[in-house]
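We call the chains A, B, C and D, going by the order they appear; numbering starts again at 1 in every chain.
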């Protein structure tokens, strides 16, 4: 048994140590895998704010992941083809600068989350799950037929975008950026959880009627959580696109939304480190099992079933011996 | 006589053919405990839900401090000064006692949009929460998980959360429910003192408590108020006796 | 499962050969819905390697699950960790678009056994990218050409609403001389075509061209055959391939489709390929298997002539394409895409097995429309 | 566009809707009685189609194939219910979503392991093949007409079962009050297994019926599953009537949207762009419909108001 804070330090140290080791023994692909884990963890940290704290089972979070991805793709595409982006009568230059792309990805995802949340939060329970899924499908089909940006083929960005003072083409440096953003998001998550907002949101998840009778609006609390959540997942989407130097409609697919939930549940719902542990394990399993058998999904399915049936708190729950929040 | 703090005027609500509340007019004045009693299915829950804003009435008005609140949401009614407790404890079971009280304090402040500083470090919030816990005698248990509280303690916490709001009127749905004899007695003593802070509209099954506490009693049968009066009036009322025939009045 | 083990075992065996001079990374689809195609490419490819008896070519095979991001990740792995010299195996255009540009930019060779997106044939062509199969438009263009010779004047054309679907209709229109009775984009993954068939019936067309790969084509053909509409159908080989014909059944009989390969193309290489493939895997080879087989043989021919570390020499050896193709003569155009004959073939039944028979060439020595835009 | 064509397209929409209903009925029944979201419902559909294809291949009889589909899916459903699902009734929706998502992975890859990666063959029976001429001169495939008939028969059967039989009374009681039905002396866990198997059997039957005119392949269940969810959400989860109306709405929207939206856009756009934009919008149409319904009525058309 281990307390949550040392666990957090341990996990993050391990996630940092693996690529450093890989750098030392010249295994650059391991660095790529670690970067993938860090980015998926970031996306899941975002979802965990809606899911773990707000109790919002969103089966459409791929929307924000995809929006982040396309924000990167579209801006970089216009920069690489030297064509301005015409929108609302404005003519905007593309950019290959990561900070700008991140800002745009975060803002646009937040805006989309606000719109989707506003409509979806009129419902609850299964209906919420399904309406978020429906929004996901809308974006998916839209992206497939959006021929200006490659439709189903997606968009290739030939050179990774730049960050001042960092050579993003070097795997370990790009990893460092992603890792830093993950840590920042975790820090933000921890602050949110302890802040009055987190307190009220936690209560809104458990007893919305109580929150109303103290004069707070639970739906508005959840909406704000959904927006913050969408923004973080969107940021992760932009990084993911940069990792692959490629975006495609699969970033909007409902399977991806499902996988994000899977990550969190494996790690532990509503636990700070749940998404990180889940993402690391998922990437490892995918890489390792996928190498052993092409039927690896069967094993993933079985592992998932066992966790749902017998380890409700996920891995963090097992490690800390404490049950997590119920969603 | 002072103006009522809380009043309903001809409140009605039907479910199909069933009139759950039928032309109910009651009021709650400063400093009093006004108890609503009635047999099961008399429409007490429907009445509470309408006053607290969960159900909209078909007809009639609800006033708080002279303002019409009939069309306001639960949230706005709470802000306007209506403090409600639930029959079945509605508490964040995974959170600590203190956190539940903090939620009330946060509601009293009316602004949960604080994202950075830890709630615990917010002294104004903590003080409000602690004061309420002390008032109900739960200060010792502040760090316990709510799920681990005894039933009686949960009832106390339920009241404490309402207290943090410093409401202008309390709306209490069976605060004695499930309490043993001693717990009931303790709660009675506590509510007795509370009426000085704000008047209480008390829906309660425990007749001993009602008769010990109430300044006035209204009897609700088949959705209608059949009698309103002091404890003695009600004891004597023939209609009430008829309605409760077979029950131990 | 046994076959699978054999394939991995032989791959492992080769991995142990420390003398390997050329390391090949194969990224292909081995699980999920489109796995049949990847398995065929892999089996065809490995058959050629095995028959060559060489121990200086090592093949690493990975499953992309038909997901672009997985494919990119695998390409990174193969380039960074496995340090492969040559990449191959990708089935789908969108995955190719995700992987190929970055890989060739890093100095690797890429031999495409299936996908041939137009972007990689024209402006986006690259000296290290070779397509052994076809440019995506080719088979559709041939279908258009066949429709002319068959005397069709008014075609109804349909394809899914995604880039390859649009390319397909463009390709057909490029060569078809008649009018269009209708042009419809269906939903990707659509399974019910009743509405489209009703439109076909009402359109007054004299022929139908469709490009609906995989399960979509199976659904369309079954429903079309049952609808009572008896207009002749033309399509590219993808919906009439060995792997799926058995699932379409009688509904496909007599349909004309276009392909650069068929099992009855008369040359010794092809005959030997069909025989050895059937013997080894217990099923008839498909178009994809032939493409995998040809890709491997092209590679072997280049390895014979040049050292892969000498990129220019190796590239020249690939360009020469001196190997015995299952299609007969094989040569590359200036953009490293094949210039080849594309045949019209007809679905027939041989005993209990549905297969194709060649009718004749639809387009001879056909190059693609994008070669002119390629500046290498 | 002629009246005849429009009538035929409406018929197509109805037929698609009726097929969706077969799938959605089981899903909504299971949710209504047990409160369970079953993402693996699409896998049972696939099991039905594969069982039908295997049996039809071996015996050549379509009827036997249908029976096999029904039986195999019901059996798979019963087993899954007893091993996994019954542990999930009290669990939160999130756990249900995940556990059944896991089941999809297991079913899909398991089926691929057994049957291989290539699509299977399943054809419509000779007796039902070919078109017939309807009054008004519409030529319509007999098999599709039979599908409409089969779907309506199942709808009627379900109505009869829930409204008129003893087991139906138990099912309805189970929807309202689990404790009461236990108090009535009904073995609740047996009832649940039965309902789950019934829902699964319906899905399997749908898989076999549709498999005859579509492609029997791994992963065929997921697109239909999502559509079925759209259907029951529009109709109101737990309501069989809602599922029926929702299925018809979705079937009509999808079919007619695909046909008419491109035509509509051609009125004010170049034909090429109109076809593409129209098709793009058509593929999003049912999801737009679903969000509109939910924004208007957050619990669906016939759902219990929250």
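Quick notes on this structure:
Just so it is clear, a residue touches a chain if its C-beta (ideal position, glycine included) is under 8 Å from a C-beta of that chain, and two chains touch if they have at least 3 such contacts.
As the structure is a computational prediction, the values presented were derived from the model and not from experiment.
Common neighbours of chain B and chain C under the contact definition above: A. Farthest chain from chain C (centres taken as the mean of C-alpha atoms): B.
Counting C-beta pairs in contact across A-B and across A-D gives the higher total for A-D. Centre-to-centre spacing of chain A and chain B amounts to 43 Å, using the average Cα coordinate of each chain. Each chain gets one centre point, the mean of its Cα atoms, and the points for chain B and chain D are 48 Å apart.
Inter-chain spacing, taken between the CA centroids of chain A and chain D, is 32 Å. Between chain C and chain D, the centres computed from C-alpha atoms are 35 Å apart. Those residues of chain B in touch with two or more other chains do not exist in this structure. Along chain C, residues 31, 35, 161, 166, 185, 187-188 each make contact with two or more other chains.
Counting partner chains per residue, chain D shows two or more touched chains at residues 108-109, 112-113, 276, 279-280, 283. Pairs of chains meeting the touch criterion are A-B, A-C, A-D, C-D. For chain C in complex with chain A, the residues that touch the partner chain are 4, 30-31, 35, 62-63, 67-69, 72-73, 76-77, 80-81, 93-94, 97-98, 101-102, 105, 117, 119, 161-164, 166, 185, 187-188. The touching residues of chain B, counted against chain A in their complex, run 52, 54, 73-76, 78-79, 83-84, 86, 90-95, 99-100, 102-104, 106-108, 110, 112-120, 122, 125, 161-162, 164-165. Put simply, chain C touches chain D in their complex at residues 1, 31-33, 35-36, 39, 161, 166, 183-189, 191-192, 194-196, 198-199, 201-202, 214-216, 218-219, 222-223, 226-228, 243-244, 246-251. Those residues of chain A that touch chain D in the complex are listed here as 51, 57, 59, 119, 122-127, 129-131, 133-135, 137-138, 141-142, 144-147, 254, 258, 261-262, 265, 269, 295, 297-298, 300-302, 304-305, 308-309, 312, 326-327. Residues 191-192, 194-200, 202-203, 206-207, 209-217, 221, 224, 325-326 of chain A are the ones touching chain B in the complex.
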